[in-house]
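Letters A, B, C, D, E and F mark the chains as written, and numbering starts fresh at 1 in each.
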Amino acid sequence: MTTLPLLKDEELSPEAQAVFDEIRSLRNTDYVNNFWRALAHDPVQLRATWERLKVVMGPGSLDPLVKEMLYVAVSVANGCSYCIHSHTAAAKAKGMTPEMHAELLSVIGMASQTNAQVTALQVPVDEIFQAG
Amino acid sequence: MTTLPLLKDEELSPEAQAVFDEIRSLRNTDYVNNFWRALAHDPVQLRATWERLKVVMGPGSLDPLVKEMLYVAVSVANGCSYCIHSHTAAAKAKGMTPEMHAELLSVIGMASQTNAQVTALQVPVDEIFQAG
Amino acid sequence: MTTLPLLKDEELSPEAQAVFDEIRSLRNTDYVNNFWRALAHDPVQLRATWERLKVVMGPGSLDPLVKEMLYVAVSVANGCSYCIHSHTAAAKAKGMTPEMHAELLSVIGMASQTNAQVTALQVPVDEIFQAG
Amino acid sequence: MTTLPLLKDEELSPEAQAVFDEIRSLRNTDYVNNFWRALAHDPVQLRATWERLKVVMGPGSLDPLVKEMLYVAVSVANGCSYCIHSHTAAAKAKGMTPEMHAELLSVIGMASQTNAQVTALQVPVDEIFQAG
Amino acid sequence: MTTLPLLKDEELSPEAQAVFDEIRSLRNTDYVNNFWRALAHDPVQLRATWERLKVVMGPGSLDPLVKEMLYVAVSVANGCSYCIHSHTAAAKAKGMTPEMHAELLSVIGMASQTNAQVTALQVPVDEIFQAG
Amino acid sequence: MTTLPLLKDEELSPEAQAVFDEIRSLRNTDYVNNFWRALAHDPVQLRATWERLKVVMGPGSLDPLVKEMLYVAVSVANGCSYCIHSHTAAAKAKGMTPEMHAELLSVIGMASQTNAQVTALQVPVDEIFQAG
């Protein structure tokens, strides 16, 4: 039910094929998931998205597992089913335990509740929370 | 510009006062921020929110700093200014470095972008992402 | 800080003036709030919005106060500050007591929490909830 | 397609089983819907959600049917399909007539439209809408 | 899985039938899509929605194709699958090429990213962006 | 009220300075708006955002004005005040007339309304809207 057909390997442009090769190599698997197969209709957008994703989700001062959980949190708030599924799977693959998953859900639920309460009450920001 | 006046200490009901005492004690500060002063009109809701927040944000398998960053991520996606300010401040107080803050922003930006791309493309969930 | 200047009475087109006259008459007040003064740049959109609002918020099988509270609930979830302020004020004017306001906030907070939990868990709809 | 398997009765922890018993008893039905079966992986979160829901949706100054319609309104704005289905069904069970349902939809549609218009125009809040 | 059954032609009220006749005539096709069949339970809401849609999406200073792409952009940000599908199809029918579709997706993705970055940073509006 | 101080020219790193130079040169103005001054704390994110924005908003098959209006539409649905202001200003600078602005607002309002109606009704996608 995509709005553009998912591209099979044999339908890729050379530029898209090159990105798929990198995805396979970096992830050490032959499987390329549907997001990339839909995005491959536009090799420039595919390349830009992949390049940036590598940097953002790559090594840094935040743990890769933390980054996946942040990704899940944003995806839940934005209501993106595909993203919730794919990044929850990625978080599990990176070591998210059932206890961590349960806490992730609790924080997302709690934040969503207080976000709504604050918004309904239109609470003004305390001066002590302002950046210098 | 709240939709209910912020309550001063001397305007609190005894039930609300008891929650404020706990907030001050647990946080080791005399300062009680505006959210609680707006919520204090309903001591039952105040108590329920505070009790649950203590559990959710308290010790567990996720680091307290990670929980604050998750809270920021959800608050950004929900567009809650107050919550973004208060939980960014809390994250800094719990040790979020400028590098970590920058990575947090990058993940939020990246997730928001791919959430939108996936939604625009209506990508179906890959079977391998489904829970058993 | 509007993206279009708020129109003063003397700047209105005759078509916009006619809508303002109706607003004043129906609401029994000389005050016309900022939303209409911003929308007045496009008399067709102004007229269409006003006509439909009269029907939707007018007499029917739901109590006018209930309709205002529903309006607040949607506006909170959509993060529209102006709308939260104006419809909370309207609900108070139509008889919303502090107790009802507190319950409204509780339901909005609860729904936002479980919405997020359900979305994070990607719960499938039970067959018994499906319309025939 | 949940991100966690739905738990069957025989897979519940004693703490989760106790909550299920209360749900069955209070609702006077043997059926426990999928939300609780997904949430049951975390008995603490399950218990906290159920306890709060009972209070929020229980007797008060707002009619139970009004609370269900408010729940639907928030769920629509948050795009939670499961919640829209389950709370629309609950509202019907509590007496929502086709006429009331039609008006609920109209208010949700109208609010969503004017929320967007106000946001696009960035209309400043009128002084008369500010709480004292 | 609608929350109200889709109405067949023979189930329509005369008022709803009249709107369907206009839809068929204006669009020059016998096919009436599901949205109208769900909305037809409330002939007043059906009529109001159809009347306004005709004006908004009709001839004006913006190209009809541009209007369809704007509709897609809003629908993506609001996460409405049905609307994304129907208006993407309408945009294609009005001449949206694969290149235009790819650019539409790019702008939606980019805007969603910078929206989130700006919100996370809580950037104040520059004076030069304010309307006079 | 940013969560990070806006950087002045003399506080920029050389990498950030280089991006500012390009912004000034491409836009043919000395003015660099607040978004970039907040993002400049992370020169890598600044550079990546600027590079991608140039491509996405640059020449292509969609008119630059259309792209700005699409940006406004997404920003409204996401509730980003800053983005609404800056891209409405950019659209005006690129030739958006008052008539076009009014139509843009109408489409955004209409889409938001029908998005909500469709979501409330949970309308299934018609087969004819599915991509081949």
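Everything that follows uses one rule, which is that a residue touches a chain if its C-beta (ideal position, glycine included) is under 8 Å from a C-beta of that chain, and two chains touch if they have at least 3 such contacts.
The chain list, named the UniProt way, goes like this: A, B, C, D, E, F = Carboxymuconolactone decarboxylase family protein.
Quantities reported herein were computed from a predicted structural model and do not represent experimental measurements.
Listing every chain that touches chain B and chain C alike gives A, D, E, F.
Interface comparison, D-F against C-F: more C-beta pairs in contact at D-F. In this entry, chain A maps onto chain C through a rotation of 180 degrees when their C-alpha atoms are superposed, rounded to the nearest 5. Inter-chain centre distance (chain B to chain D, centres taken as mean C-alpha positions): 21 Å.
In this assembly, the C-alpha centroid of chain D lies 27 Å from the C-alpha centroid of chain E. Each of the following residues of chain C touches two or more other chains: 1-4, 45, 49, 52, 55, 74, 76-81, 84-85, 88, 104-106, 108-117, 119-122, 125, 130. In terms of inter-chain touching, the protein chains here all touch one another pairwise. Listing the residues of chain B that touch chain F in their complex gives 79, 84-85, 88, 98, 101-102, 105-106, 109, 116. Those residues of chain D lying in contact with chain B across their complex are 1-5, 44, 48, 52, 55, 125, 130-132.
Chain contact summary for the complex, chain A toward chain E: residues 1, 3-4, 41-42, 44-45, 49, 74, 78-80.
Across the complex, chain A meets chain C through its residues 72, 76-77, 79, 81, 84-85, 104-105, 108-117, 119-122. Touching chain F in their complex are the following residues of chain E: 1-4, 6, 31, 33-35, 38-39, 45, 49, 52-53, 55-57, 60-62, 66-67, 69-71, 73-78, 80-83, 85-89, 97, 99-100, 103-104, 106-126, 128-130.
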